[in-house]
Structures are given as structure tokens and as C-alpha cells.
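Sharing a structure here in C-alpha cells format.
Every chain is named by a letter (A, B, C, D, E and F) in the order it is written, and numbering of its residues begins at 1.
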Amino acid sequence: MQVDGAATAWILTATALVLFMTLPGLALFYAGLVRVKNALSVMMHCVAITCLISVLWLAVGYSLSFSGGSSWIGDLSKAFLLTTTKDSVTGKLPETVFFMFQMTFAIITPALIVGAYVERIKFQAVLMFSALWSLIVYAPVCHWVWGGGWLQQMGVMDFAGGLVVHATAGVGSLAIAVLLGHRDGFPKDIKPPHNPGMTMIGAGMLWVGWYGFNGGSALAADGGAGMAITVTHLSAATAGLVWAGLEWVRFGKPSMIGMVTGVVGGLATVTPASGFVGPLGGVILGASGAVVCHFAVEFVRHRAKVDDSLDVFAVHGVGGVLGTLLAAVLASAALGGGGYAANAGSMGAQLVVQLAGIGATMLWSAVASVAIVLVVKATVGLRAPPEHVDDGLDLTQHGERAFTP
Amino acid sequence: MKLIMAMVKPFALEPVRLALSAVGVEGMTVSEVRGYGRQKGHTEVYRGAEYVVAFMPKVKIETVISDDQVDAVVEAIRGAANHGKIGDGKVFVIPVEQAVRIRTGETGAAAL
Amino acid sequence: MQVDGAATAWILTATALVLFMTLPGLALFYAGLVRVKNALSVMMHCVAITCLISVLWLAVGYSLSFSGGSSWIGDLSKAFLLTTTKDSVTGKLPETVFFMFQMTFAIITPALIVGAYVERIKFQAVLMFSALWSLIVYAPVCHWVWGGGWLQQMGVMDFAGGLVVHATAGVGSLAIAVLLGHRDGFPKDIKPPHNPGMTMIGAGMLWVGWYGFNGGSALAADGGAGMAITVTHLSAATAGLVWAGLEWVRFGKPSMIGMVTGVVGGLATVTPASGFVGPLGGVILGASGAVVCHFAVEFVRHRAKVDDSLDVFAVHGVGGVLGTLLAAVLASAALGGGGYAANAGSMGAQLVVQLAGIGATMLWSAVASVAIVLVVKATVGLRAPPEHVDDGLDLTQHGERAFTP
Amino acid sequence: MQVDGAATAWILTATALVLFMTLPGLALFYAGLVRVKNALSVMMHCVAITCLISVLWLAVGYSLSFSGGSSWIGDLSKAFLLTTTKDSVTGKLPETVFFMFQMTFAIITPALIVGAYVERIKFQAVLMFSALWSLIVYAPVCHWVWGGGWLQQMGVMDFAGGLVVHATAGVGSLAIAVLLGHRDGFPKDIKPPHNPGMTMIGAGMLWVGWYGFNGGSALAADGGAGMAITVTHLSAATAGLVWAGLEWVRFGKPSMIGMVTGVVGGLATVTPASGFVGPLGGVILGASGAVVCHFAVEFVRHRAKVDDSLDVFAVHGVGGVLGTLLAAVLASAALGGGGYAANAGSMGAQLVVQLAGIGATMLWSAVASVAIVLVVKATVGLRAPPEHVDDGLDLTQHGERAFTP
Amino acid sequence: MKLIMAMVKPFALEPVRLALSAVGVEGMTVSEVRGYGRQKGHTEVYRGAEYVVAFMPKVKIETVISDDQVDAVVEAIRGAANHGKIGDGKVFVIPVEQAVRIRTGETGAAAL
Amino acid sequence: MKLIMAMVKPFALEPVRLALSAVGVEGMTVSEVRGYGRQKGHTEVYRGAEYVVAFMPKVKIETVISDDQVDAVVEAIRGAANHGKIGDGKVFVIPVEQAVRIRTGETGAAAL
């Protein structure tokens, strides 16, 4: 097939935008939420994951996800891109562009999990966990949903990663948070975010970058991409308002952290649906995402008493799953959506497929994540020693300090 | 000589500085601190979780003055920093045995 | 008409760039200029306006601006984009892309006004003012100039928003600054910008994003867009040098805040002219914009004694108006420009049209802004209580602090 | 020739990305590494260079680089773009787009040199040095390599600026660092980076922006651009891992500053080769770049005892030269590369050409930079007075402070 | 009255605050400081260069108390901040002549 | 024992630290402060507006020493911080009644 120059131009840009989401976007978003003595360690996690996963993606990750293979996992035919040249084509794009765009998704997914284990993890554990997780959780699920695997064959709808990115990362976060144990003092005596402004900058970058994430998932520069960024943006905006509104009613004041958390929740929620719904669908996804994630945060923290420290499961996991379900409803042409996959056909049938996708993704993510964490714990160890935690990971794990007067 | 150490609300710094100038205080040192007293701090809510922030932002003003200025200085600070609100702050008086101006080597009151 | 893929790719990007100008660009630019106790509140204003205006734009703003309607205002035929699909086309673009691109302009315009009322406004007032202002000031003027309204019919030249964005925001700023009253201590005892580095980051983002703002206004990926970013960049660069030079001569030192203020002034000035002039036109716009805005800042502050705190009128309003006038001169083919609109024809005729546009825009912005502020004052109230102002808006209005050690 | 819309869309974007590298990317990367009392001055240098070089580029820089002229230097036929219109075309792009894209390279090159002279230079010297250097070093070398000059005629391979950008800037840095003298206390008593987080943000922006730098140098939205960003990214990622690994082995801890320094070293190293090699080539470039630059930093500082304060020569100069050499090896089709220029033909022949390019570029950069520095020293002076250095350049040269409580 | 000035490790602040509350101390002021003592600072390595960072981050806690509280307060601080590690910190006792509550004008022990 | 409290220019910190080490001072605490004295602050101009910044950045060095060290210490600080320029700073000497090393419980001079 012929390469489409316009699509290529847009996906090159989208790739830059999604990398920008992780570096420096997510790094800032997360670093602002921890204590100052651990801020650099969080940034370091994001940078290190970016480097590590990129090389793994070249080595085997891309091939496991997107080479032919079975319904369950790809093969190694594309390992190290040995057979890919400038002229290789995937769909309407040069294969290198497709490879890079997908790589940025493979990077940000384990980077999201950073939020679960901040302020207490050993750096070795971050590296080993992320590497194994990327190959054992991300690559297969990516293959199932986008790489021609069994869920794609069933017609599952996941436009930009409600399952592949957010559900996997959310469940992985829960697993590692439980097995790693909570921060000292959790839940009563923990400290507020050290730098909400940093979190705002990160959230702004995530929002802008998400145009590339969802809009780029159209793999074309057309009305599909346009509609995707439209619903993405409207979901984010609505969710920000709703979350801040909930805070205003419940706690007397709308906070900036709350509003940007809502924005991110809205973005996560709209992600799987962003290619299938219309503008009002975006508003509905944002509003419901904000409400559900808002209470999920409290449920995880206060009921389940799990220290998923920066709420990765409650915001990304729950949002992604919710959006995956709602996609099946809001895609209905009657509701302004784009209709259903041929092999599903009706809202009911699609819902069943979506539930299968959610169930399989969460189950596999849970089982595999737990196994990976146990292996990491048994080998390099999981938790930094108490003195390291006391003095902060920046100084003790990386020999650096966030500010020197 | 005495060291007057006053903890006041941050926005009271400027009025206090002017009041001190007015009573002839010619030098002072200021630091950003956090304080705790009758005003017990507050609770901040982030993502639905309550964070007890025990300390409120305050400014600490330190000025070394001669003994005869003490009452005037304490009065000046009170006048400028008193808003009748909890957390307005405190003034402490601490004895100082010597003061030296680095540049000139002057000592005692001459160094202030 | 057929969608142009290349134009679509570029306008998708430009949309991301203009959103980036507001979040986090403008939020940082402004937050660095206030005291640390109000820094988060400024960021919160920018985030909240982004969320709120986005939803309003979907609801009615876009329709009032760009549906057919009368010469004065659009109708509600495009409200909620109910009739827009992936396949709807506007010019060479998918309508969703046009909708989104224009939305980012609708967002940043009221966000610019934040600079007028920082450090003393109630958060409710920000929301109510921005919502009303967007519908009553922005939407009509946008319709007049770009949506087929009477000014467009007269042939007014406003490529990317000298009137629609900068003149409206500037006048709105003056209105609210006057009615809200000045910050305590203004003009003698106010505090210097708490974090000029933050302002620099924001200015850098604004500069980069402005490529999307002016270059995107070509609505095509062609030489027109190329010339637009060329003149835009040259105006910014020249204005930065001139402003810093003025400071060097007048105050003995060129400051970074001064240089980036010049850059922003140059960008505002070139905006209306950016599709009509040549490279030297960009230099002239930048130089004149820097000189005029530089002295306008002092005039507003010291003569008019208005606490338009971050100089929105003097930089954006004055720059936008100046550029709108100069566009009529520098568009002259003799001066390297692109020539005049068919229905104006000569420099003189064009100048008359530009003056009409300036007069009408400023008048309507002034009258309507004053009315809106009075309504806000009478309902939710305008000024935060003195204790809130003393302790800072971050803690008192949003329950957050910029830094926790 | 006909303008290619897709290429135009991508190069417009790439231009924004490369400007973003300097502002705010490089400004943050560098500012985080100095002491807080000089942080704003570093940012100011970056902003001022951006403004100044832009105007010079319009005036004569572009014409000297890219107009016909001789093998050694262009002429003034394109000065002030007097003959360029919207419709002028260069290759597949509107000439304005090509002009702007190249301008961003002309900006960042002298801005890189800022790292050599931080914390002790007079602001006048920054301006005068950068202006002269841009015309006397950058423009000729750019003409030799990309503007049809003698090195291009010989078939030198420098895809995105190993010679034109990194080698020139590296050598210029060494020259000014030696002649300006070291910071007080160098090498034993200097202070650690005041804000590594700032440096991380800058590094993230540099990484993202480098997609535009190298990917844009394809001047098309095609598989060539795709392969360029692929190898660029892989080099950066590999280099980050290798540098952090070296630190881990040698000093017991991997630091964030180390990892992002590795990333930037990998990016500099891959730059000249990025259009000629395959994915594994990218990995090899990154790994070797990290190792070589890592030890070069120590060599320059501890052996040569030159206070090139932020390691511009060791990272950019050495990386760029190394990549220029390796390009000749890794371009070999046998190694997955894209093969050689017609007029070189074999690896051996190409290596000779590359060595000629490296030799000529470094020699000319050295001679001319030394001359320029001496002229600056003799006229406006080079080093800020000791009291200015003691109290910090922010306050003394620009009258500003990085933070006001 | 005495000013108790304690320099402790940052993470000891919260335990010390609680211990002080338990012995009836109702006000205190805290600042971020850098300290140097037996614990000599450390070396940071950036890009292969060693930077001697002489000072470690500490928190300074200042509280003015009445004379009879001194032993209990010093003991409380020791109990909460002692980890048996170098750098745990020190407590100093400094005489205070007067204390004034700005809001009410109360003086002496009543002002604490 | 005495508390020596010195306010000096920030870049004088390192020389002062070395000078204090040289005369046997083994512990000190440093804070970033803002000061005001003969050196009256300065005016900053942003966008043409003058901002009076009353306070200059200073570093406050606090060290508790035994009585017999006072003269040597004050001299050491003066020697290292004196540049003959306005704003070089001041040294104050304040009586200290007790010092306790948290880790060991040592008191008095042994705790310094």
C-alpha cells in the first residue's frame, strides 16, 4: 500500500506528543504529588522506564505485540526490526512511524504504574518490574486487542487503550501497591503534595499530549482524528468541572489538584471510546468518569486501605474500564456514535464483547503482575530500606537533591 | 542588648518593618518559618484525603537592639502585627552579650 | 468539498499548540508574576476557564460564532454539534478540526483576562465572568470578524485575532480591573514577580504555541502558513530585543522579564497582520509593538493608575489594536505585503475599515464587559474578603499551598 | 517544483519542535545545572540569543548559508528575504518554511555554547560573541555542509548537524571557556546543580524536540523521517541506560542528571547519522556516544582542566564528531544502513570525507572562535566583575531574582 | 522562660511535635536549615565530578517554655529524635527574658 | 556556652565554614534568611515599575561554642566574611545554658 503523507505527518507529530506525555508530562504530574525528598526519584523512574522500554520494544516488545503470531501473542519475526526499512509500510504509514507511535504507548503504560509505588521502592525493583511487566502483561494484551489477537477478532472496541493501557496499568498498580505495602503513616499521617504547580504543568502536558494519544490512534489525518480529539477534549473539560464541583459541594472548596485529577480521569475514561462516540458522548464520558473515579479514589484508600499512592487504579484503571463499557453504549448511532464493529453488531452483543475484554485483561494483568512482583521481591528486593525511606529516595538511591540553595 | 524574636503572619512583615524603622531599629533579619500554637494548623484535602498540616506559614523577625529600646520595639511590633486574630504571633526577648559589625569591628550598641 | 489531509494534519497540530499556550503556557507565564501565595489560584483560573469555556463552546459558543445567522450573531443551528459528524467539512478541514482549532482561541481569550484580576478575585467571579464574557463579548465579535458577520463583509483584516482575541481581552481587562479595584499597596508597595523563571517557561511555550495560533490561522499547510510563522517569529524576536534595549537605556539593565514581555507584545502585535505582511513587515510590527506596549504599560499603571495587574490591556489590547492598524499599511504590496481585500482595495480604504473594526470591537467589549462585571458583582460578588487576600487565594479559595517542605 | 503539503505540515511542526528545544528546553536544562543566583541569567542568555540570531538570520545569516554563492560562503542575494514570497519554493517546501526550520538550527547552535560560559560572563559579551559567531562560524560551515558548499560537493554525510551544529558549538565552547577562565573554585569547590528537576524537564523537551530536529531534517513526511526519529529515539534511550549504568558501576548510584546527560549525549551522537543508519545503528550510536562522552566529560574537566562548565564540548562536540565518523561505518548497507553518497561510494572513501569534514569544521571553528572571543574581550569585555560573580549574575546583570518569598 | 532550640533530622519533626504536645508544649516554630557536625555532610557526584556538600538538611525547632518544663521538654525531644545515628541532632537551652502574645498583650508564661 | 549568631553574605558561607573549622568549631547550623541594615535593600524594576525590595539575601550561621572560644570564633568569622563592603554582616553573642547531644545524651561542652 501507498504511504499517506498527511497521515505520516500527523502520526510523527502524535508520536512526539505522546512521548511528551511521559517526559516531562507524567514525570511532573507525579513528582509534584510526592514529598520533596522523593521528587527526583519519581522523575528518574519515568526517565529510566522510557529508556528501558524503548530498547525492549525494539528487541522483542513490538514483535510480540504486532507480528503475526497466534491469537495469544506475536512471534519474533519483527525482533530488532531486522527486516524493517525506510520503505516498509504498515497500513497507510511507514512502519517505522507505526513502530514509534506504538512505542510511546508501551512506554507510558508502565510509567503510569510509578504512581503506585512512589516514595518507598528500590530503584532496581522499578527496572526489573517494568521490564518484565512490559513483556508479560503489556505485549500480550496489546496483541489481543490491537495486534490481531483474539479480542480484536471478537470485535472488542478499544480505540486508544482503555484496556491495553489503562486497565493493565491500573491492575498492575493495585498488585504492586498491595505487595509492596503502604508508605509509613498511611493513611492518616501522610504529607500533602509538595508542589501542586508542578502537577498542573504535568496535567497540562498530559492534556495536550492526549490529542496525539487519542487523535493519533485514528492513524490518519482526517475527520476521525478530528472527532477523536473533540470528544477527548470535551471529556477532559467536563470531568475537570465535575470533579471540582464535587469537591466544592463535599469539602467547601474546589482545588486545583482536584480539577486536574478530574481532567486526567476524563481523559482516561474517554480513551477507549474516543474513536466511536460523538461530542455529547465525550461529555457523558467525562461526567461519569469524574464521578466514578472520584469515589473510587476514596474507596481504594479508605475502604480497601490500599496505598496505591497516586491513585493509578482508581483514576486510570477504573476510568479505562468504565470507558470501555460506555463505548459499547455511546457508540450507538442513535446516540450520536459511530456504530458497532461488524462482528458484534448490536449494543448488547458489543457489551458482552467489552465485558469479555475487561475480564480477560484484568485477570491476566492481576495474575501476571502479582507473579512478577513476587519474582522481583525474591530477587532484587522490593522495598527500599527504612533509612532510605526516611532520608528520601533522591539522596539515598540517586545521590541527588531536588534543590541546593 | 536584647534579641527580639517575633513570629508574625507573613503579610504583617511589611507593616512591622515600617513600624520598627519608625522607632529607630536599623537592622533586622527575617526568615520564612512554620509555626504552631493556638492556631493549630489546618486540614488540607487532596483527592478526598485529609492531610493535617500542623504548621502555618509565619515569618520570623529577629532584631538585636539596645536594652532601652525593648519596650518601644515590642510595642511597635504589637501595633503592626495585631489583627486580633488567633495566630497573630508572639514576641520573645532574649539577652545578647555582644554584637560585632563584621565590616568595621565595632562592638556593642555601635554595631547595631 | 474534499478534506485536505495535509491541512488537517497541520491544524490538528496547531490545535494542540494553541491549547498548549493556555495550559500550561499562560498559566506559568502569569503564575510566575504574582506572589507565591496566589500562584496556584492563577493556575486554577487558567485550568477552570479552559474546562468551562470548552463545554460552553460545544453548547452554544461555536454556533453563535460560526453558524450562519445574521450579520451580528450566529444562530443555534450548530449548538451541541448535533448535526456534525466525522464527515462534516468546513473549508478544507473536517468540521471537528475547525471546531477544535477555534475552541482553543475561545479558551485563551478569557484566560488572558486572568492577568487583570489576579491576587484579589473570588473564584466564583472568575467562573461567572468568563462564561458570560465568552458568550456576550467573544462570540459576537468572533462572528463579526470571522463568522461571516458585518466586519468580515466590510473586508476587515484580522488574520489571527488582533480584534477577536487581543482587543476584546484587553478592553475586558481594563473593565474588570477598574471595577474590581487595585491590589493592596498598588502602585507603590507591591511585590516583585515571585518566580521569573516560571514566567520564562510560560513565555517560551507561548512563543512556540503561537506558531499554531498564527500559522494555523492559514487553515492550510502551505506558503501562507509558512509566511505567517515567519513574520510571527520575527516580530517576537525583534520586540524582545527592542524591549530589553529600552530597559537597558532607561534603567541600566536589560531584564529577562522585560525581554519576554517584549516577545509577547511582539506576538500580540503581529497577530492580526500575520497573514498579510512580509518578513520586514514582521520586524516593523515587532519593533513598533515593543515601543508602544512598553510605554503603554507605564501609562496604564502610573498615569491612569489602573491595576490591570499583569498588563493585559497594555500588552495585548494595545498590541492587538496597533497590529490591526499597521496591517492595513504593511499589507501594501509595495511594502512586501500580500495586498488588500477585494472589497477594500486601497490602503486608505482598508485603514477606514480597520478603524471601524477597532472602534466597534472596543466599544462593544467595553460596554458589555462593564455590564457583565456589574452583574457578577451584584450576584456572586467580585472581590475576595480581605483576610483571604491577606492569607493568599491559594489557601483560602482552594485549600492548597504552592510548596510544602 | 510543487509544494508537498504533507512535508510542509510536518516541517511546520518540526520548526515548532526545534524552537521548543531552545525555549524553554535548553534554557531549563542549563538553568537547573547552575547555582540559583545565576539561573535567570542562563535563561536570559537563551532568550536573548533566540531573539538576536533570528533577526540576524533574516538579515544575512540565511543568505550566507543558503544562497548560491561560492563553495565557501553564500552571497547576499537572499538578505532580508527581499525576494522571497509566500509562493517561493525550496525543494518540496515553501521557502519560508525552509527558512524557519533552518533558523531554529541557527538559534540553538550558539545557545548550546551558553553552557560553556555560565555564571561568570558579561551579558554584553554573550550578545556580541553570539552574533559574530553565528555569522563567522555557523553560516560558513552550514554553507559548506548543507548549502551547496565544498563539503557537500565532496559528499560529506551530516544529516542533521553533527558538524554544523554540535562540532561547531563544541569547539566554540572550548575556545570561550579557555579564554574566559574558570569559575571561582573550579574544579574542587563548585556547587552541585541547584535544581535537577529543572534539568530533567529541559531534557524531556530536548528529547521530544529532537524528533523535529532529526526527523524534520528529512524535509519530508515519509519513511525517511520515520526512520530518523526511530534511530534518534533508540540512540537517546540506549545512551541514557549506558550512562546511568556507568555511574552505577563507578560511583555506586545511578543519578537522574547522569541518565539525562546520557540521553542528550546519545541525541548529539546520532544527529549526523540519523538519516543514514538503521535501528541497530541507533543503538550502537547511543551506546558508544554514552561511553565516549562520559569519559570525555572527565577528561576535559580533570585532565585538561578546562571549565567548559556544562560540558558542551564533551557532550555535544565529542558526540557530534563521533556520530559523524560512525555514520560512515553504520551507513553501510551490510550493517542495516542506507548506503553511501554517490560521490563517496565506499565506507573507506566516506570515512576520508567525514574526516575532512571534521577536520575542516573543527579547525575553522577553533580559529574563528578564538579570534571572536579576543575581539569581544578587547571591546565590550568578557568576564563580569568579581562582585557581580559573587552576588550572582541574576541580580547584578539583570536586576532580577529567581525567587521572592 | 527558656528557648529550646533543637536541630533534628527532617523526618523526626512529626514525632518531636507529638512528643512536645504530650508534655504540654503548646507552641513552636520550625525552620528548614542545613547543618554540619559529627555528620560531616557528604559527597555528591554529578557527571563524574565530586561535589562536597558540607551541610545536611535539618529541621530547627524553636519553642519557648517555662523554666520548670525544661527537663521534660529536652527528654521528650531526645526520646522522639534519637535513632542512635550520627546526625540525630542537638538541643540547646537559651534564657528568655520576656514573652508577649501579640493578639492579647499577655506576657510571661501566660503568653506561651 | 554561647550561641554565636552571624548574618553574612551568601557567598561568604564557605569561607566562614572553613575558618570556623580551623579554630575548632565542630558544629553549626545555617539558614537562608533575608536581611536589612545599613545596606537598605534595593529597587528592582519589572516592566517599568519599581519594586522596593527591602531585604537582601543573607545566610545566618548559628554555632554554639564554649565560653573560651568566643573571641577566636568572632575573629574567625570577621576574618572570613569581611570584604569591607556595606552589608558584610554582623555577629551576635547569646548566652546558652545547656546543650544536649540527642544521640548520646551528653551535655554541656561535651555535646558541642
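By definition in this document, a contact is a pair of C-beta atoms (placed from the backbone, for glycine too) under 8 Å apart; a residue touches a chain by one contact, two chains touch by 3 or more.
Model, not experiment: these values are computed from the prediction.
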| item | value |
| --- | --- |
| Length of the shortest touching-chain route, subunit C through to subunit F | 1 |
| Mean-CA-position distance for subunit E and subunit C (Å) | 50 |
| Rounded Å distance between subunit D and subunit E, as computed from the means of their C-alpha atoms | 49 |
| Gap in Å, rounded to a whole number, between the CA centres of subunit C and subunit A | 33 |
| Distance from subunit F to subunit B - Cα centre to Cα centre, in angstrom | 18 |
| Multi-partner residues of subunit E (at least 2 other chains) | 14, 31-32, 34, 44-46, 53, 85, 94-95 |
| Per-residue overlap in subunit A, given as positions that touch at least 2 other chains | 4-6, 9-10, 13, 189, 191-193, 221, 251, 253, 255, 257, 399-401, 404-405 |
| Interchain contacts, given as pairs of chains that touch | A-B, A-C, A-D, A-E, B-C, B-E, B-F, C-D, C-F, D-E, D-F, E-F |
| Interface residues, subunit B side, partner subunit C - complex | 9-11, 14, 34, 44-46, 53, 57, 85 |
| Residue ranges of subunit C in contact with subunit D within the complex | 4-7, 9-10, 13, 17, 35-36, 191-197, 200-201, 203-205, 207-208, 211-212, 215, 220-227, 229-230, 233-234, 236-238, 240-241, 244, 251-257, 259-260, 263, 278-280, 283, 336, 338 |
| Interfacial residue positions of subunit F with respect to subunit C in the complex | 44-49, 51-53 |
| Subunit D to subunit F touching residues, read off their complex | 37, 189, 387, 390-391, 399-401, 404-405 |
| Residues of subunit D touching subunit C in the complex | 3-6, 8-10, 12-13, 15-16, 19-20, 23-25, 27-28, 31, 39-40, 43-44, 47-48, 50-52, 54-55, 58, 80-82, 84-89, 93-97, 99-100, 103, 123, 198, 221, 397-405 |
